[in-house]
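Each of the two complexes below includes subunit A, the first together with subunit B, the second together with subunit C.
What follows is the complex of A and B.
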């Protein structure tokens, strides 16, 4: 047992409103620079859709991630042999056109154009060449475009659906979509790290953040290919690759990353997980059927004595272990079993988990009597005296899952390596919590029905209330449980404290200040 | 004439080699961030393939050949003892020389015509590409016009180069060479001289250590074995990770 800690994330997809605030927060802090304009370390996609870069999930095109072979696993499109062979020209590397050419507008023309018969316009210009261009694509070009032939229907997750299933998904009355915010998953078995010929990428032992050392990167671009999530980007100006740094300067100081801090839907949770590093290779090489379960099992119980002992032996601070015990992500992933990894079949063991979306998938609008509910509304709320109800319950308890607007196969392709039962299990739990809370707040559901629902999925009323609390009411400190980084100890190890005694905050080190004469 | 010759084949080679060694070291140590292959595949990939592949593969082989003739001239001469083997060697050399030429012309064309590539092109990039082009043209000319290069390189030039390293230049053979060959030799030193100031420095960070490295790399902020143990006395040495 070799216990390490990982700052992990959970995104609750039912709550994402697709506002892109997270993307903007990230862009403003980190990627508003020459060469990085096109990068969106945090991006929000519409599903079904082709995403950013286009069709990133299709590893037949991009050759990202790991694949199983006779000896376990190997990188699909990079690695020692393929990487060095393709070092002059990497045939699987996405190019700017797969993302989009960054652009701005010549705003000054609006002001400075000479008087004339026509209104002046601000022409779009490329941020690479500075020349006028036609905008053909943007970072969220398929935003909200479910059903469109160019985007939704080309979603790579569609490939296992039959023609009929695909058609059914895009009938006008049934059509739906949800948002999928993505950042780097800070994987346990990162393909990006493994693929870097220079050894510029590394995973930090203390918090699991995966970083690129900018001084060691030599632009061999293998990480761009190897990351199956396409979350390592090539900066065309500096000739270095860059990726999400999980706002490590903020995390170390005890703040949540900017995307999480600013998230309008409060969908994001950040917490510590303890995992067994000895098992990484074995788990990543599991067969398809057990992959997802093994992935979840590598996360260890933070209350287990043995786990704690091994963590301490590895130098993990007590406060980190404490944070792991109060981790909101541990609750979502392990205690409640609500969250699933995105595309576990890429075998990088991502540490960003998603609570699959239930509302767009299962809700329907019904003609029912909703006076009971409207009576409970506050006076200030606008009330429409009609009987339409955005309904998430049905007569038969789990009937809606069969009638879901999206085939479970589609969600399973995203979150569980094709195992529909796993997704259904999560959705049922979400549904059970909803039915339970409806009994409590609206009261139009009988105890028998609500209790049966909870019992069916193995929840109790208390657990359901906990889930409800952390989902809907959670305060900042409940959503983000980040341990201190213990920088002070790190500095003690890096430098002889005698060297810096008396200098802190003073600007120069002992002996380095020359006295003038 | 002799002054010029002495400059070209005695003074300048030393200037070039010293600049090369010290300049590259300084560039690596002080501006390590700027040591990069500066790939532009991200902006344009197709044309790049047809330029970069023939260029690099040709270069590896031709440079390797020059290096061999310099290091083990006797072996090359022995190999060339039989005409068939000589022809094989020469034909290979010319073929790959041409491959460099074709690749380089393609790369230069791409660099000068593609708008996006122009945005990441510096004057130095163009200068070094033109210099390389001149050198390759001269090289092919030498190979085709002054037979058999592999033999006389081993016999005449290798001793000259060694003599430079021994700090007692023997220049008689070089001074007597035709001007095309002289330019080619001078060009080589000029390129050597330019290395620290150009993107050519990426040659020295060729990632060969990747072969022996484990795939995953984990780094700790502190030396995790030592920090937890209060009995270990302080030492001013830095832990290995940092």
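What follows is the complex of A and C.
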């Protein structure tokens, strides 16, 4: 047992409203620089959709992530042999056209244009060339199913769905989508780190944040290809690759990362997990059927004596263990079993988990007689002379999940390596919490029925209330349990502080004045 | 009348001018030509002896009897032209002496005469020798030399490459010459390639050429900067080494073969590249979308 700590995230997709506030917060802080304009360390995608960069999930195009082989796992597109072969020309790398050409507008023309017959316009300007351009693509061009024939219908996750199932998703009264916010997963088995020929990428010891050392990066861009989530980006101006840093300067100061802090829907949770590093290789190489469960099992119980002892032996601070015990992510992932990793089949063991979306609402359209209802309406009310009802009630307890518009197969392709039962299990739990809360707040559901739903999914009323609290009422400190950084210890690992004793001013070892001189 | 007087007047003036001009041209040469011996030693002795047997070229003893004066006057300034023109004697001699061309000598007729006069005068009665040919008594007059020491070879190499300057400041061999040997990288291409020169000319020939270069350019280059005896020995040792090691080194081929193998190699490399990188991502995933879009700029 080799216990280490990892700052992990949970995104509750039922709460995401797709407002892109997280993306803007991130962009304003980190990627508002030359060469980084096209980067979105945080982006929000509409699913079904092709995402950003286009079709990032299709590893036949980009060759990212790991694949299982006879000896365990191997990088799909990088590593020693493949990396050397492609070191001077990385053939599967996304190009700017796969992202989009970043642009701004010449706003000053609106103000400074001389008087004339026509209104001045602000022409779009490329942020790469600085010249006027045609806008061809944006980072969320497929938002809310715009351009569906080009984007939603070409979602790589639909390849397992039959043609009829695919077609059903796009029918009027049946169509649905949800939002998928994405940041770097800060994986336990990061392909980007494994792929780097320069050794510039590393996983920070104290909290598992994956970073690119900007002074070691030699622009091979293997990480750009190797990351199956396409969350490593190449800055064409500095000649270095960059990625989400999980706002580590904020984390060290005790703040939540900017994307999480600014989240309008409060969908994001951050907390420490303790995991067993000895198991990483074994878990990442496990067969398809047990991959997701093994992935969950690598996370250890922070209350277990043995786990705590091993954590302490590894130098994990008491405050970090304490944070792990109060971690909201541990509750979502392990205690309640509500969250699932995104595309676990890439075998990078992502540490960002998603609570799968139960919405959009499952409903059916029924023929009913609406005349009695219509008579009650005021004269000036808009009156629709139709006789149908958009009915969200169901006779069957779990009927709404079975009638879900979003095919379970589609969700399973995203979150559970194709295992529909795993997704249904999460959705049933979410449903049971709703039924329980309806009993509490509305009271039109019998105790027997509510308790049965809870018992069916292995929850109790107390647990359901906990889930309800953390989902709907949680305060800032409940959602983000940021461990103390202990940077003072980190510095001591690098240098002996006794060396700087007696030095003057800010000068440390080099060039500091000697006493008496 | 007027014209006649003018002609009469100009004639002596012209004659005098012509005489002065010719005299100015010839006088120094004439003076030099008188010294046929000196001329022979500087221009001919590197390759020819008089009665000493064959060196690089034939023994010249009795050459004035063997060949006509006209033939010699034609051959000495432009031997290769005669070979090309198919003069039977010239062709035969050329073949007999390993196809080593005799350098064209920029000598005036007077100078050639002076040399021939010297050859005739200093030559003892000819031995039983046909055309200075195969039956020439193998002279090997040079005493048996001790084999070159590694130091000498190394010095020769350094002198060749210019690592060590020549004592009298002459240009290093590598400025104009090249040899096929790993020790030399990128020799000059202005003059002959010297890999086999030792085998072709023998130690005496090379030594003689280095001692008093018969080639006009080399002559000019080493005028007043002649090589020292030790330097000559070292260079000859080095060239002997190069000649004997020749089979161990790949010949440098800069001709059609190189171009052809380059072309074939390029094609093979491109084939290999397309095999290795053929299955690559071509263009943007969004290309179909971009292609449909209408450009406004």
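The rule we apply is simple: the second predicted complex is superposed on the first by the 458 of 517 C-alpha atoms of A that agree within 3 Å, B and C clash if a C-alpha of one lies under 4 Å from a C-alpha of the other, contacts with A are read in each partner's own complex, and residues count from 1 in each chain.
Here, a contact is a pair of C-beta atoms (placed from the backbone, for glycine too) under 8 Å apart; a residue touches a chain by one contact, two chains touch by 3 or more.
The structure presented is a predicted model; accordingly, all values stated were derived computationally and were not measured.
Chemist: Report clash or fit for the pair subunit B and subunit C bound to subunit A in the combined superposed model.
Modeler: Result for subunit B and subunit C: clash.
Chemist: In the overlay, answer first, second, both or neither for which of subunit B and subunit C A:30 touches.
Modeler: neither
Chemist: Quick check for you: in the superposed arrangement, does A:199 touch first (subunit B), second (subunit C), both or neither?
Modeler: first
Chemist: If we overlay the two complexes on their shared chain A, which of subunit B and subunit C does A:134 touch? Say first, second, both or neither.
Modeler: Second partner only.
Chemist: Regarding the shared-chain residue A:468, is it in contact with subunit B (first), subunit C (second), both, or neither?
Modeler: In the superposition, A:468 contacts neither subunit B nor subunit C.
Chemist: Looking at subunit A, does subunit B or subunit C touch a larger number of its residues?
Modeler: B
Chemist: A:95 contacts which: subunit B (first), subunit C (second), both, neither?
Modeler: Both: A:95 reaches subunit B and subunit C.
Chemist: Under the stated touch criterion, which partner chain does A:61 make contact with: subunit B (first), subunit C (second), both, or neither?
Modeler: The second partner, subunit C, only.
Chemist: Figure out whether A:255 sits in contact with subunit B (first) or subunit C (second), or with both, or with neither.
Modeler: Once the two structures are laid over each other on A, A:255 reaches no partner at all.
Chemist: Of the listed segments of subunit C (169-177, 205-213 or 223-231), which one clashes with subunit B in the superposed model?
Modeler: 169-177
Chemist: Can you list the residues of subunit A that meet both subunit B and subunit C?
Modeler: Residues common to the subunit A contacts of subunit C and of subunit B are 89, 91, 93, 95, listed in rising order.
Chemist: Considering only the defined contacts, which subunit B positions touch subunit A in the complex?
Modeler: So the residues of subunit B touching subunit A come out as 32-33, 35-45, 48-49, 52-53, 56-57, 115-116, 118-120, 202, 205, 207, 209-211, 213, 215-228, 234-236, 238-239, 242.
Chemist: Touching residues of subunit A toward subunit B in the complex: what are they?
Modeler: Its residues touching subunit B are 4, 75, 79-80, 83-84, 87-91, 93, 95-96, 128-131, 189-190, 193-194, 196-199, 201-206, 214-221, 224, 234, 236-240, 277, 280, 312-315, 485, 489-490, 492-499.
Chemist: Any idea which subunit A residues touch subunit C in the complex?
Modeler: Interface residues on subunit A, with respect to subunit C: 53-55, 61-62, 85-86, 89, 91-95, 97-98, 132-134, 136-137, 150.
Chemist: Along subunit C, where are the residues that touch subunit A in the complex?
Modeler: Residues 276-277, 279-281, 283-287, 289-290, 293, 295-297.
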